[in-house]
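Each structure below is given as structure tokens.
Shared chain: chain A. Partners: chain B in the first complex, chain C in the second.
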Partner chain A sequence: MHIPDGFLGPQTWIPAYGAAGAGWAWVLRGLRRDLRAETIPRLGVASACSFVLMLIAIPLPGGTTAHLTGVGMIAVLFGVRLGYLAISVVLLMQALLLGDGGITALPISSLALGLVGTATAVSARRVLRPLGETISLFAAGWCGVVAAAVITALALGLQPTLSHDDVGAPLFFPFGTATTLPAIVVPHLLIGILEGVVTIIAWRGLGKRTGGGAP
Partner chain B sequence: MSTRHIPLLLLLTMQPAGAAAHGVTHTVQGTEAVMITVSHDDGSPLVGAFFKVTSPSDAEPVLTGTTDTVGRLTFLPDHDGDWRVEVWTTDGHGFKTTIPWSAAAGLDSKPSAPATGFRLLVGVAVAGIAGYFTGRSRRRP
Partner chain C sequence: MIMIWLILYAITVTILSLVHDPLVFAAVLAGTLLIAGRDAPGLARRALLAMALFSGVVSVAYAVSTLWRGDSPWVWLLRTNLRVMAMTTLTLLIASRVDLIRATSRLPALQFLVILTLAQIRSLRCLWEDFRRALQSRTLRRPGPGTALHHGGAAGGALLRRAEHDLEARLQAMDARGFFVDVDRS
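Coming up: the complex of A and B.
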């Protein structure tokens, strides 16, 4: 889910910066209330773990790779608002330090993982909490990363429709949603299993010490 | 969370030895033809990726195809200038690059992305810095 520069047209990334910017403003507005002094180092360590998880790709059948994100872990530990902040900073650092993901793709990746991913994870945990803690935590990890994969696949797959020349040839990413949805989402159905396990382990180890997790 | 939980968090980030740092890298070589080798960051070839080559003087691509079984694409530039190469996979990996071709000079680039070891070192350093500040905050009265 690290989209390179040049894969998304300005018709996508300019509005995405607007939407992501509104999200970042929402984060900053509530930061003083949500971010207690003791939360800062814990959020830093969890963000660092997410950073490392995203660096390491797992080879999948068919010759492609996918990677863990830690989105479920961060969502259940810190909630949507701080999760969006943490994931956005992680993606920015990876783009600047390692060239993983483009600056023009940053808002789409931040919205997909940081906002939709964490919100889906928190919602899944809430809805499935009656079924037990383990199931709800696993669902949070699985649903969070799959939701982010769907948004990423849609953003890429809409490029031929949004940005093309006079004869209809795509100017940016050339494959439509019929190709990108299975190509991106199906591998993340498997990656989601690992995300679910990581979320369970992280919660068991750290949940109570982060103040009970997501609000 | 105390400092003794940092190893747990770091453990969570451990992967099997076969796992590779995420991304796509490429090298460009050639004296008469240009050969680009596209690979994942662990060096395994990116096989069957779609590519498009556009010459300095044309708007339309002069060559399209897929990378071969060892992740290579090759083309013959017939004049000097900036040749544009785009590579995609259906799951959103790839790159766009410009190759400043000069028949007299040839090409021999270094890999485009940091090596796996460096990337993991950066990750561990980030985790270590976060862990240090966690420990410091715990010691503070």
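Coming up: the complex of A and C.
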């Protein structure tokens, strides 16, 4: 889900910065209240793990890349607020340190993974908790990454409609949602299985020591 | 100085996104490489590696689908790849010139998270390299998938424990220096 610079038009990334920026302001305002002494080391570890997981990318023909994200892991361990910020920081550092993912794509990726992904993961965990811890954790990982993939596919797939020249040729990403949705979402249905397993492992390794995980 | 670099960067990225002339992209790319000076070849190589996977796959898919319809893909291919190359090179140049920790100094909470994550990434990279070299020095032939998996799992667990311990120590050091004085520790 690392979209490089140059594939999203300003009609997409400028409003997305507005929305993501409002989210970052909201999170930063409550950050010091949300942080606990025992939470901070695990947040750093989880962010670093997410960074490492995101480095292993597989290109997808219809656009973008497929890789583990750690979105479910961060969501169940730290909740939506801290998760959104941690994933945004990870994406920013990947863009700046490695050129992996663009600065213009940062708000879309942050909203997709950090906000929609973590919110979906936390919701899935809450809804499925009566079925048992393992099932709810697996569902959190799977649902989080699939939801993020859907948002990314929609953002890319809308580019030919939003930005085209006089003869209708695309100016940025060239494929519509008919291509991006299956090309991006279907591989993530499988990647979601690994994401679910990572979420279970991370919860068993770190969750019980973070003071109960996501609020 | 950091703010000037960042403002210039934001303006240039916006312009690159608003115009669609390959000549402008080529000019920005040339200017970026000129500013990079001796670092230009390395910068160009890093940018190419960073964009190759995504841009390559999308470009090939677009070229095939367009040629299949009997249209010409060359304008889009030139424009998009030059734009992506110019933007990626510019971003990597800025990242090499701007210290991320100092750039976030106006937002202490964000700076704190950046320090934590950067420190962890650097520690994990060094430790992983140690483990990789340890495996290499103890195996005469290239390790099989089973050995590699076993080594990866063991190293991953060790890295996690070590990283957590290091981060706790780092937190205590930052706390002792008053960096985190107003955080609720209840």
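Operating definition for what follows: the second predicted complex is superposed on the first by the 207 of 215 C-alpha atoms of A that agree within 3 Å, B and C clash if a C-alpha of one lies under 4 Å from a C-alpha of the other, contacts with A are read in each partner's own complex, and residues count from 1 in each chain.
Note that in this section contacts are C-beta pairs under 8 Å (C-beta built on N, C-alpha and C of every residue); 3 or more make two chains touch, one makes a residue touch a chain.
Since the structure is predicted, the reported quantities are computational estimates derived from the model, not experimental observations.
Once the complexes are laid over each other on chain A, chain B and chain C cannot both fit and instead clash.
By the touch criterion defined above, A:A112 reaches neither chain B nor chain C. Within the superposed three-chain model, A:L97 lies in touch with chain B and with chain C [touch as defined at top]. Using the contact criterion defined above for the overlaid structures, shared-chain residue A:L28 touches chain C, although it does not reach chain B. Residue contacts after overlaying the shared chain place A:P170 against chain C, while chain B stays out of touching range. In the superposition on chain A, A:T152 makes contact with chain B only, while chain C stays out of contact range.
When the two complexes are overlaid on their common chain A, residue A:V80 makes contact with neither chain B nor chain C. By the document's definition of touching, of the two partners only chain C reaches A:V89; chain B does not.
By the touch criterion stated above, A:H67 is placed in contact with chain B alone, chain C being left untouched. By the document's definition of touching, of the two partners only chain C reaches A:P10; chain B does not. Note on the superposed arrangement: chain B collides with the chain C stretch 75-83, while the other options among 3-11, 75-83 or 93-101 stay free of clashes. Residues common to the contacts of chain A with chain B and with chain C across the two structures: 2-7, 37, 40-42, 44-45, 47-49, 51-52, 57, 59, 63-65, 93, 97-100, 173-175, 205-206. By the touch criterion given at the top, residues 1-2, 5-6, 8-10, 12-13, 15, 18-23, 40-42, 44, 46-48, 50, 86, 88-96, 113-114, 119-120, 122-124, 126-127, 129-131, 133-134, 136-138 of chain B touch chain A in their complex. Remark: chain A residues 2-7, 9-10, 13-14, 28, 31-33, 35-37, 40-45, 47-49, 51-52, 57, 59-65, 85-86, 89-90, 93, 95-100, 102-104, 165, 169-175, 205-206 touch chain C in the complex.
Considering their complex, residues 13-14, 16-18, 20, 46-47, 49-51, 53-58, 61-62, 75-76, 79-80, 83-84, 86-88, 91-92, 94-95, 100, 107, 109-110, 113-114, 116-121, 123-124, 157, 160, 163-164, 167-168, 171, 182-186 of chain C touch chain A. Those residues of chain A that touch chain B in the shared complex are 1-7, 37-38, 40-42, 44-49, 51-59, 63-67, 73, 93, 97-100, 152-153, 156, 173-175, 179-180, 183-184, 187, 198, 201-202, 205-206, 209-210.
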